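The two complexes that follow have chain A in common; it is paired with chain B in the first and with chain C in the second.
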Partner chain A sequence: MPAEDHVSPVTKQNADETAATDRFLSLQALTKRYGDTAAVDAVDLDVRKGEFLAMLGPSGCGKTTTLRMIAGLVPTTAGQIVVAGRDLTNVPPYQRDMGLVFQSYALFPHMSVAANVAFGLEMRGMAKADIRARVAEALQLVRLTGYEDRRPGQLSGGQQQRVALARALVIRPLILLLDEPLSNLDAKLREEMRNEIRDIQRRLGTTALFVTHDQDEALTMADRVVVMNKGRIEQTGTPEDLYERPRTAFVAAFVGRTNRFPGTGAGEVVHVGGVTMRCARPVSGPVEVMIRPHRIHLDGAGERRADDNHAAGTIIRTTYAGNVVQYDVQAGDAVFNVEQSTDATGALVSVGTAVTLSWSVANTLVFEAAP
Partner chain B sequence: MDERPISRILIWLASASFLFLLAPVLIVIPLSFSGDVFMSFPPSSWSLRWYASIGQHPKMIDAFFFSLKLAGAVTVVNLLIAVPAAYALVRLAPPGAATLMSVLTAPLLLPTIVLALAMLIVAARAGLLATPQGLFLAHLVVTLPYALRIISTALATVPIAVEEAAATLGATPLTVFRRVTLPLIIPGLVAAGALSFLVSFDEVVLSLFMSGPRLSTLPVEMYHHVESRADPLVAAISVLLVLFTLFIVIVVDRSLGLARTFVK
Partner chain C sequence: MSAAATAQGPAQSRRGTTFTAATLLLPILLINAIGFMLPVANLAVISVSEIRSSGAMTGGWSIAKWTTVATDPFYWELLANTVRTSLIVTILTLVVSYPIALCLHRMNGAWKSILLVLVISPLLLSSVVRTYGWIAILSDRGLVNSALAALGAQEPFRLMFNLTGVMIGLTEILMPYMILALLAGFGRLDPRVEEAAATLGAPPYRVFWRVVLPLSLPGVALGSLLTFVLAISSFITPKLLGGGRVFLLATEVYDQAIVTLDWPLAATLSIIVLVVFGLALAVYTRILRQIG
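Presenting the complex of A and B:
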């Protein structure tokens, strides 16, 4: 680039440093095609150094294929993978320095826990004494000190997962890649491991890429979330961005629970099955309207809040789930799902009660209907 | 293990079939201790003379050692071919891998006599009849399908993710195979090796076609002996062979058991 000739060396170096931290991992038009179908379709993505990024999407959306391309286990069809300024696209997996944690853990069943963790260091030709020290350190990190001589078959699922994590981290990888690491664990352990993985990643400052189909995992763990669908990125943003400001109907529906209505836009208002509501931006023609169940207030018939949108309806079903109650409310032709947190003194509203629903314009998300 | 009561009829059926399978072996044992000049059952007198007379049959002893060497060579070469072949078929899975596997294991389905006849014709042309090389190739053809099947099955049970994990940790493909894949398929290798050895060692039909007056395997030599003389010598040899086979099976079982605890 001739333009660089005019840039002073100092500025140039700063620019390089910024590039190295802001775009530590950079995917450029990354594509994987199997025959005619594109599993991953021209994905562009930049990941900052030290960032915890989640790739979220339904199965078959291309998130795992993307991860495996970064690890070097799946050859790319087109595009580039650049890590810390180095093009890794055609580098074999054993020269990439990626730490990969598999859904199935993929521990070496014929080796002890210590030998499993030591494997990557041995491959790097490290001295025996150094290996021992690093293995001990890594096992301490995942709270498995004392398990050195066990075989993977003698460990519980959670312990195996922690060995897999230690094995991937001990090589001090450029990027820690996690492929649905929690989906084989039971619910309670999953939550524990979420925090543990997050804490370890923060403490080490490792850049991490986490593939999951579980929106809770993505929202609670990640600094940034990439939502993928059909091989393409639907939206990239903080968990809050995705939840509060979804850019597509797919993201709104996939991230969090939502009421989803077909409607007709008429400028500032939308008509949904006999209910007219205002929305944040002018729309016309067929649209999809989404309102989160817990953003709708439920009051007695005739009681009106200052909220901008209202609908009168009747409760047709009540579902009690401990911390929340869900009401299905028939309003016009539409059935609204409304969620309220419970409190010890509040009584449930019974089926058949006439109520008023209110919700703000900001919570009335409108998307062009899919053709 | 859940222990359910086994129906009485089943026990009877099982015992009957065991007896049917083992009866010939059970008759061979008393026969080998016969003191008679001819094979007859039950023997009229008892002695160890037929065991002692094995030593006076150098052809028998030569044939035994030749069979041993042949089976050993067949087993080693068999594994050297079957492991890479199975790896290519299972892991690299080229287009047509399934068809190729069927072709390679086809000798299992072919009547041995047909195979033997074909080999006889080919070997006669190539001047390999009654040569160690000819017998070696013939035995390789019949044992390879077993080894290929067993090793392919063993390979298929090693999860690819485990090999991939090794690769991401810095192991080259060869190191992955040596450090991860190979140790995990050892039980399969032992089983395939033992079966190749025993099939080669016991092979009669092929060897009969491929051997000559100056070179024959132990089973063929025994067959010729029975053809010309009806003394209980072969019974004595048979008992020794049963013990030998049993020994191999026990060794295999032990090492397989070892491999299993090693892998667990």
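Presenting the complex of A and C:
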């Protein structure tokens, strides 16, 4: 207590402000148990003000449960949810000021678009004229001006999702929570909505939490990505961190495509089915080796690159996908998947051709094998 | 040639669809014609038949029963009484059934099945048996009044042989129908939509008024129509629990047909009940269209 007296009010205020911006949302040992199984297991997470954070993981990993606990729709078993310095753990959802966008849109089918967007403002007892202005502004933001009197049933999926977005944003929520909002849209629309959501979030400076099972969505949209698995956080980092410096085999395999081999470590080399390769850190015993298909170079037999790892092999399958060609290369007992970008002049290497594979140590990711 | 064939194609297939539809509808059309349209036509004929005071038909025609019904204030009062009672029973049934239906709608798994069976199980007993059950509960020396007497009540409450008893009995007997109809109409109630309302700042009671209730209106309308129609046409319960002191259209039809043997009057009153049904259906359709 006395120590605090010496802190000048200015510094203390600054400290509070940094705390409020760096840890705008703070989950502390957040846990949700259903019977004996923990859907969310002691999750710690800090989100900065204005940050766009994606929670990525397979279905059942606890990402949606975490989001629903933040919204107040699922009671917590243990732990705390603190937003802007205020403990919201036991605050009911209608007093939390969270803007939630559902995968199924969850619009009010019996209300017009304008009434849907106005709902949150009405609940806040705002004056009619102000509501009208804010609704118009929100609909303009999502480019739905002129659709005020339509019913949700008369809109396309993309339009419905934009109404849901406007409805969540119009209340100027503390945090915008998005629960797989693009999963029900077709591929082209999904790409469009990605950019739209991202642009709107940047323009408004809203802190956003985005739950998805789609790694492309997470990597392209988010400032930071949290990878979850079995109720725990596997890794938190920028998209680049996760892709280039995965901390666990799960993250390496879940984020991006990768070759995945069981191997045996012996110091700074690993043996994978007759192929010996060098890796960045000393390992021993059973390991898992991962190499991204597009980080492996493919050359004619005997042509060696300056890279540190090489393997001689034979092409056993060629898959042409327009922008890239995927080759399956048998090298020793292992089958390497190699990806090359195509160009107008390049010819495909045919099945049966002997080739040399080269890749760098940095691209040789090694993890302890799961017991 | 080929142009003619393509032009003919769709028309032919449309004729085929019409034929299939007609074939599929035929059984129900036949049943309706024999089981409903014919008897109603027969009722209409009987209602304008002339009878002697013994009840035997003379073979002549007369609109005497229609003029009696139209001019005698007793029948107007009977009609008003019947509609009022049925409406009150409908509202009572709705009020007690709505929470049960909502609760069932939100449940899932084994408990939902068990409770659903409990809701439906009264339908396995005839309403005569259930009415006798109510007599055992509501009579002057029944369960309720014995309990009240034990607590020191001097006079028994009159819960039977009056409108109160009829309404209590009918409400309970019609509850399963109401609950099933409500459940059938709750399709638009999506828990996600309620959650959306909550996150937008609506406390539970406002979620109910602004979201749950409006979205459940189709169920409410359907259940109310069904209950109203069943209430207005029920006669065993009013007969037994009313003890001859409660006069409703259905009991009057029974009395005229079986006791007084005045078939034309019974037929006339039956047709009036049918007209009330028609009006109720029209109101229902109107409401449904307004809900959207």
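In this text, the second predicted complex is superposed on the first by the 366 of 371 C-alpha atoms of A that agree within 3 Å, B and C clash if a C-alpha of one lies under 4 Å from a C-alpha of the other, contacts with A are read in each partner's own complex, and residues count from 1 in each chain.
By our rule, a residue touches a chain if its C-beta (ideal position, glycine included) is under 8 Å from a C-beta of that chain, and two chains touch if they have at least 3 such contacts.
Bear in mind the structure is a predicted one, so any value in this text is a computation, not a measurement.
Trainee: On chain A, do chain B and chain C fit together or clash when superposed?
Mentor: clash
Trainee: Determine, under the contact definition given at the top, whether A:Met123 touches first (chain B), second (chain C), both, or neither.
Mentor: In the superposed model, A:Met123 contacts both chain B and chain C.
Trainee: After the superposition on A, what does A:Pro109 contact: first (chain B), second (chain C), both or neither?
Mentor: both
Trainee: In the overlay, answer first, second, both or neither for which of chain B and chain C A:Leu348 touches.
Mentor: Once the two structures are laid over each other on A, A:Leu348 reaches no partner at all.
Trainee: Once the structures are superposed on A, label A:Leu73 by its partner contacts, choosing first (chain B), second (chain C), both or neither.
Mentor: A:Leu73 sits against chain B and chain C alike.
Trainee: Where on chain A do chain B and chain C both make contact?
Mentor: 71-73, 92-100, 102, 104, 106-110, 119-120, 123-124, 151, 164, 167-168, 171
Trainee: What part of chain B is in contact with chain A in the complex they form?
Mentor: Those residues of chain B that touch chain A are 159, 161-162, 164-172, 175, 179-180, 183-184, 262-264.
Trainee: Show which residues of chain A lie in contact with chain C when the two form their complex.
Mentor: Contacts found on chain A: 71-73, 92-100, 102, 104, 106-110, 119-120, 123-124, 151, 164, 167-168, 171.
Trainee: Residues of chain C touching chain A in their complex?
Mentor: 188, 190, 192-193, 195-203, 206, 210-211, 214-215, 291-292
Trainee: What does chain A use to touch chain B in their complex?
Mentor: 71-73, 92-100, 102, 104, 106-110, 119-120, 123-124, 151, 153, 164, 167-168, 171
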